[in-house]
Amino acid sequence: MQRIGVFVCWCGSNIAATVDVEKVAQTLAQEPGVVYSTHYQYMCSQAGQEMIQNAIREHRLTGVVICSCSPRMHEATFRKTVEKAGLNPYLLEIANIREHCSWIHKDKLTATEKAVILGRAAIAKVQLNAPLTAGQSPVTKRALVIGGGIAGIQTALDIAEAGFPVDIVEKKPTIGGKMAQIDKTFPTLDCAACILTPKMVDASQNENIDIISYAQVEKVQGFVGSFSVTIRKKARYVDETKCTGCGLCTEKCPQKKVPNEFNLGLDNRRAIYIPFAQAVPKVAAIDPNYCTMLKSGKCGVCAKVCTAGAIDYKQQDQLITREYGAIVVATGFEPIRLDKFDEFAYSQSPDVVTSLEFERLMNAAGPTGGTLLRPSDGSHPHTLVFVQCVGSRCDGGEKGKSYCSKICCMYTAKHAMLIREKYPDTEVYVFYIDVRTPGKNFDEFYRRAVEEYGVHYIKGMVGKVTPQDGKLKVQASDLLGGRQLRIDADMVILAAAIEPDKTARPLATMLTASMDTNDFFTEAHPKLRPVESPTAGIFLSGACQGPKDIPETVAQASAAAAKVIGLLVKDSLTCSPCTAKPDELMCNGCSSCEKVCPYGAITYIDKPFRGPNRTTLIRRVAQVNPAVCQGCGACTVACPSGAMDLQGFSNQQIMAEVDAICR
Amino acid sequence: MPVNETFKPTIVAFCCNWCSYAGADLSGTNRLQYPANVKIIRIPCSCRLNPMFILRAFQRGADGVILCGCHPGDCHYTTGNYYARRRMTLLFSLLDYMGIERGRTRVEWVSAAEGAKFAATMNDFTETIIKLGPNRRLEDLRCKTE
Amino acid sequence: MKTWKLSELDSLFAAIAAAQKLYIPADAAGQPAFTLWTPGLSMTKALNTGRSAKDLFFPQVENLVNFKVSGRRIQVEPGREEVEDFVIFGVRACDCRSFDILDSVFLSDPVDTFYADRRSHATVMTLACSEPEETCFCTSLGIDPQAPAGDVSCWAMEDTLYLEANTEKGQALLSSLPQLGQGEKPQTDASVFHRLPLKDLDFSVFGEKPLMDWFNSPVWDSLSQSCLGCGSCTFVCPTCQCYDVEDFDGGATIRRFRCWDSCMYSDFTMMAHGTNRPTQKERFRQRFMHKLVYHPNNHAGQIGCVGCGRCLQKCPISMNIVKVAKALKEGKA
Amino acid sequence: MQDRVMEKAAALLESGVCTRVLGWKTGEFFYDVTPAVFTSAEEVRTQMVYNPFCGPNLSKYLIAESRKEGKIAVFLKPCDTFSFVQLQKEHRIARDKVYAVGVQCDGMIDMDSLKALGLRGVTAAREVGDNLIVSTLYGEKTVPRREALSLRCRVCKSKRLNDCDEIIGEQGGDLPSDRFAQVEALEAMTPEERFAFWRSELSKCIRCNACRNVCPACSCEKCVFDNPGSGVRNKAAADSFEENLFHIIRAFHVAGRCTDCGECSRVCPQGIPLHLLNRKLIKDMNQLYGPYQAGADFDSKPPMLAFTPEDPEASIITNGRDGQ
Amino acid sequence: MSDWTQRIQDISGVNPRKCMKCGKCTAACPAYDRMEYHPHQFVDMVQSGRVEELMASRGIYTCLSCFACVERCPRNVEPAHIIEAVRLAVIRQQGGNHMKPDQIPGLLEEDLPQQAITSALRKYSKGG
């Protein structure tokens, strides 16, 4: 038989003014199972808590009901209170007679009656409460960072600095990401490579960091604290341990006509290549789509010139499986494809380029050695037109992305300024819808472009670009000036919208991390938990969560690292015991529960059961991982046999509350 | 139908812990009134609501049952209310098909910030139930107090 | 013999119902069932009801006792319904025989007072058969469908209903109906009963061998293999009499009631340690052993079946007592 | 067809493709066939039957049978194969232990339909062309075959044989079916009429559980209505509420899993049109969440275990679809 | 919202509030030089209730209905549909039809696409 104690709080006059607390205590004392019932001015006060603790000891209470304010206010407080008196903290229920009763009703009789019913429901529930113990699950003290751009590098460095081993998985042969392709950074105009490459070197030299380049995540199992991840390391046909990065092979390779992806196809590389001079790891890779040796078995020049003997045409993909406590997603972004924007003649003229291509054209290590030349004829351009919001801020669907890509205003100002600084003989036009410059020193930067560098900012859009007689005829509208402009430009630079990397969607599925309709990863809370995914143990770094510039990306990267460190310093995780629990004897193994679980907390095992007449039956039954389950209860309703129940909110408990309320 | 002045309906409101229960708390904090007939049961998420609980409430004497949860897209557990929405839509449709009055059940999304909406919803729902009169079609005579 | 015009059955029913409740077999939502007569209700055209006539003596759910709860006080109150005199009209010979079988169980010591109460208040008016279904086999069990027992036996022939009282109760009922006429019942034609496909079933064999021989017969495995474990056969059977006693907590009142149970159910006679009939084979065997062997063993050879054919019609997988009896006799399924 | 099915069954046993065959067995009459497992060609030849009365859906038996030693061959009609696939989707059948033979189906005949035509004391029936010649205790009668079809077969949704290892006869396809006509007729009634309809139907329920026990979707190890721990267990409907409760919850539990095989209504000893509850949910799901047929394939996600952010709100029901 | 704004919205099915005033429509407009108001201004004027000014303008008839603006608009605002609606509003207000079905035979020429006549009839006669 239960021995329940009821404690009715006055909350000063907050409750007592409209609820006859004495009568509530007296009436509830008559309920079956109640052995002690009292009321007090402030149950949450030191004295009130002591009162509860004494009653638990004196009356050997097996359950406690506190009629007070919302459980959202003091459930945690009172759980600690009863725990200190030796009662399991989950043998406590709170009847909310303040927010749900005394504060909304004026009539004392009505409010008192309702308070009694709410108390009764809590008593009915606590009768069925079971002592629950929070489980512990171990934490593997290693983190995985997926993506080796500036976000991934920064996160990895911060985690490594804190003393935890961390692996970076990068799909390209080198880390560095988009930032490695950028020339200068706003608003300081310092060289991107100068600030990025030291970090890349740091990462490669840090004992705690293992860079797994030219690799992709293939499978993710497990849950927060103990993920098991399988990584496919693609064959690069070069032994990483032997290659010295001398680059001789890349000079001798006879296959010279391979579009160079690092320069966005603006020039060519060889079939064996090192993406760029400061690549990390600085190891060559053979492109199997172009290598004559791999395709036809004839050639082998690179193997002949390699003094280190690093070339290995027989190399195979390698599968690496490692355990991690936390996973950081840093998959970054890509500019969108522009085939839908015929009006800008992107596919008709090589002189119409994207901003990222323009970065390469301005870069000293780029295809033109840093001299700005028209891609079509290598001449010096005099008139340049920038078009903003290409594919951003559209109506969604066919038209383009509905969001603002955030970084274009600033990098365009940067480009315009750099051109004007280097080539004062140029005219630079920027067509904009709005100029958005929220950020430290951002607006000042933009104003400098206008005021000091004489860039022509024109409110309005370009309607059409027509290549004609070696020029680009730009038809545009100056909305503020109220005139139609026709500019004979030498180059047009398009600020293409950015979108999440294509590999993010399948990765999100593997991680059971949610995404929004644009394929950006969803954060656990848009304001309060911006660097965590709703899936425990998965963290977000950089542009995979939304468009970001470099400072923001680095800030988020470090924030994600801090969250990861906070997780990895723990030896084990305490999980809420209010989790789903299957009754194996009832479970059919039908997988309904698994399909609705947002956390992938449910798995199945084949388990032997004793059948009738000494037989053994092997049955498929559900298993809930309490470390992953967050206790939403979706599975309990999906389960047709009622095998799945939720601890702390069981079917029986909720029905007991219903019964008590409707009685 | 004439409105029964003396009819005091029993109304059960299932509220998800994260949005609607907090919304109900806020409506209390702001001293917004709604009828005492409404009794709230806290569940972790709207997807925890088993159709069985709704039928149970009617069996035990409820005249109306309402489910409140986070707005679609705002579920604390990301997807719970989407499942709840399908389940309730189908359950309500089946009840309607069996001739149970449509107004006796309802789903309303109430965020933690919508204290006023919570109170307004409860006022409106209570009014609807009073208009409908006592639940006779899904009652269990054994649970009626003589 | 007393008579009544068949075309004016309605007024006969009205005359009976004037004094006491009357139940007749009528169609309710397409299903023939014994139904409380109210003006306008007419007899079903079907040979027999879906559920048997036992419902009127042994209803599916019956309240036994109530416990009133208030706070911590519990008050025990009788839950028995007051039974008034009533008449059942149109009971077929098979169902009428089932009352004997139920009596032998419920009226033997200790007497089931709930059942006894209803029995004593009832007057049974049977109705002779003339158009049997192919599933009928009451004749194999020594029942004459053309001469049904009961307090009053009735025959519907051509345009006349002939009535004959067999008991004092029957006599009293008929004499309370002065409007009845007088006439001679013509000869009945038994030819169709001789053409019944199941007329030659032999149930006498079950008394000839030791009980355990039947129990250990190899046929049970294959007979029971497709049984769904539902309770259709037991619930439509006029002689099944198992029940369970349960409590329902309605808040203010807890009701203790009994309801039909089925030995085909996996939780039948479930106990703390589990069940003693762990598979459907044991449950299936129990039902038919009870009808064919245990009951006759305990009740002077009376077979626990009346040949109404309901289980032949209703079993979802067409497994029934005829197939079982034949298979047992032949020793193979 | 009878001969081809029996030949195939015997051949499968003789060649050792399977050790057991699940089919139908002869009875006292021509129509009372019982599902049965045969272990030898001899048994098959003497006892097995395949005729237009072989209505019972054999799929559910495979849950237990596919757990046993050795491979079992099974004969499945098109509608049975939907259950077969659905049960596999729910991991209830070990496919590698089953050899599935699909049998072309021209619609099954059922005694209820013959009785509805006023036939009594039916002792035999044979198919002649499009007609059925029925012998009764009271003489012979000829009825059109289509009028003798079981109700479910008259609105057959598909003749497609899903996931069979072999097919006897011809593979069929989905059919245009007006199976929702009855549901629509009910929807067109007033709530009061609908309430009266379902009360009169469900009050006939004797809770024999035949509908549940025959239902391939009701494959729970233990039903909530049998489980004392569930809080809703009951053995008989002691109040009209419990009649409703059982059937509402059952319809809900099989929603998205019910293939509309019609077994529930076929077996109900009280003639309750239980399929109308399941069909209502099927119709709703098709309308609200896009067409879905349980058991039609292995990949699609059942509507109750899926969602889209754009799903309609429950208010479309509670406010009335017609704005009432 | 002014009545006119609502009416134009109803006729055109276009919501001018979706416009983010980028001017791409105007930039793409081949009839720019002959127009008193330009596509982005049409949208703005409808939104701010200056429909009558627009109706009085000759510029609305210089729109070629080439749909370049509709094609280019990133927000699916569809200025050409708005202009069309304003023209219709003018016709409806005048009450008369600028073209009647019995005029059609006289207009039929071999070089003139029939579609143009149909389109003109639809445009210049009062709808039902």
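Just so it is clear, A, B, C, D and E label the chains in written order, and each chain counts residues from 1 on its own.
Simple rule for what comes next: a residue touches a chain if its C-beta (ideal position, glycine included) is under 8 Å from a C-beta of that chain, and two chains touch if they have at least 3 such contacts.
Just so you know, these numbers come straight off a predicted model, no measurement behind them.
Looking at chain B and chain C, the chains that touch each of them are A, D. Chain centre most remote from that of chain E: C (centre = mean of CA atoms). The interface with the greater count of contacting C-beta pairs, when A-D is set against C-D, is C-D.
Annotation: 30 Å between the Cα-based centres of chain C and chain D. Inter-chain spacing, taken between the CA centroids of chain A and chain C, is 69 Å.
Taking each chain's centre as the mean of its C-alpha atoms, chain A lies 47 Å from chain E. Centre-to-centre separation of chain B and chain D, using mean CA positions: 36 Å.
Of all residues in chain C, those touching 2 or more other chains are 248, 251-252, 255, listed in ascending order. Taken residue by residue, chain D touches two or more other chains at 224, 231, 238, 304-305, whereas all remaining positions touch fewer. Pairwise chain contacts present here: A-B, A-C, A-D, A-E, B-C, B-D, C-D [touch as defined]. Only residues 30-32, 612-613, 659, 662-663 of chain A touch chain C when the two sit together in their complex. In the complex of the two chains, the chain A residues touching chain D come out as 583, 585-592, 595-596, 604, 617-620, 638, 640-643, 651-652, 655. By the touch criterion stated above, chain D contacts chain A in their complex at residues 67, 90-92, 219-224, 227, 229-231, 253-254, 257, 301-302, 304-306.
Contact residues of chain D toward chain C in the complex are 27-29, 31-37, 56, 61, 111, 120-123, 136-138, 200-201, 203-204, 206-210, 212-214, 226, 234-238, 263, 266-267, 269-271.
Against chain A, in their complex, chain C makes its touches with residues 71-72, 249, 251-252, 278-279.
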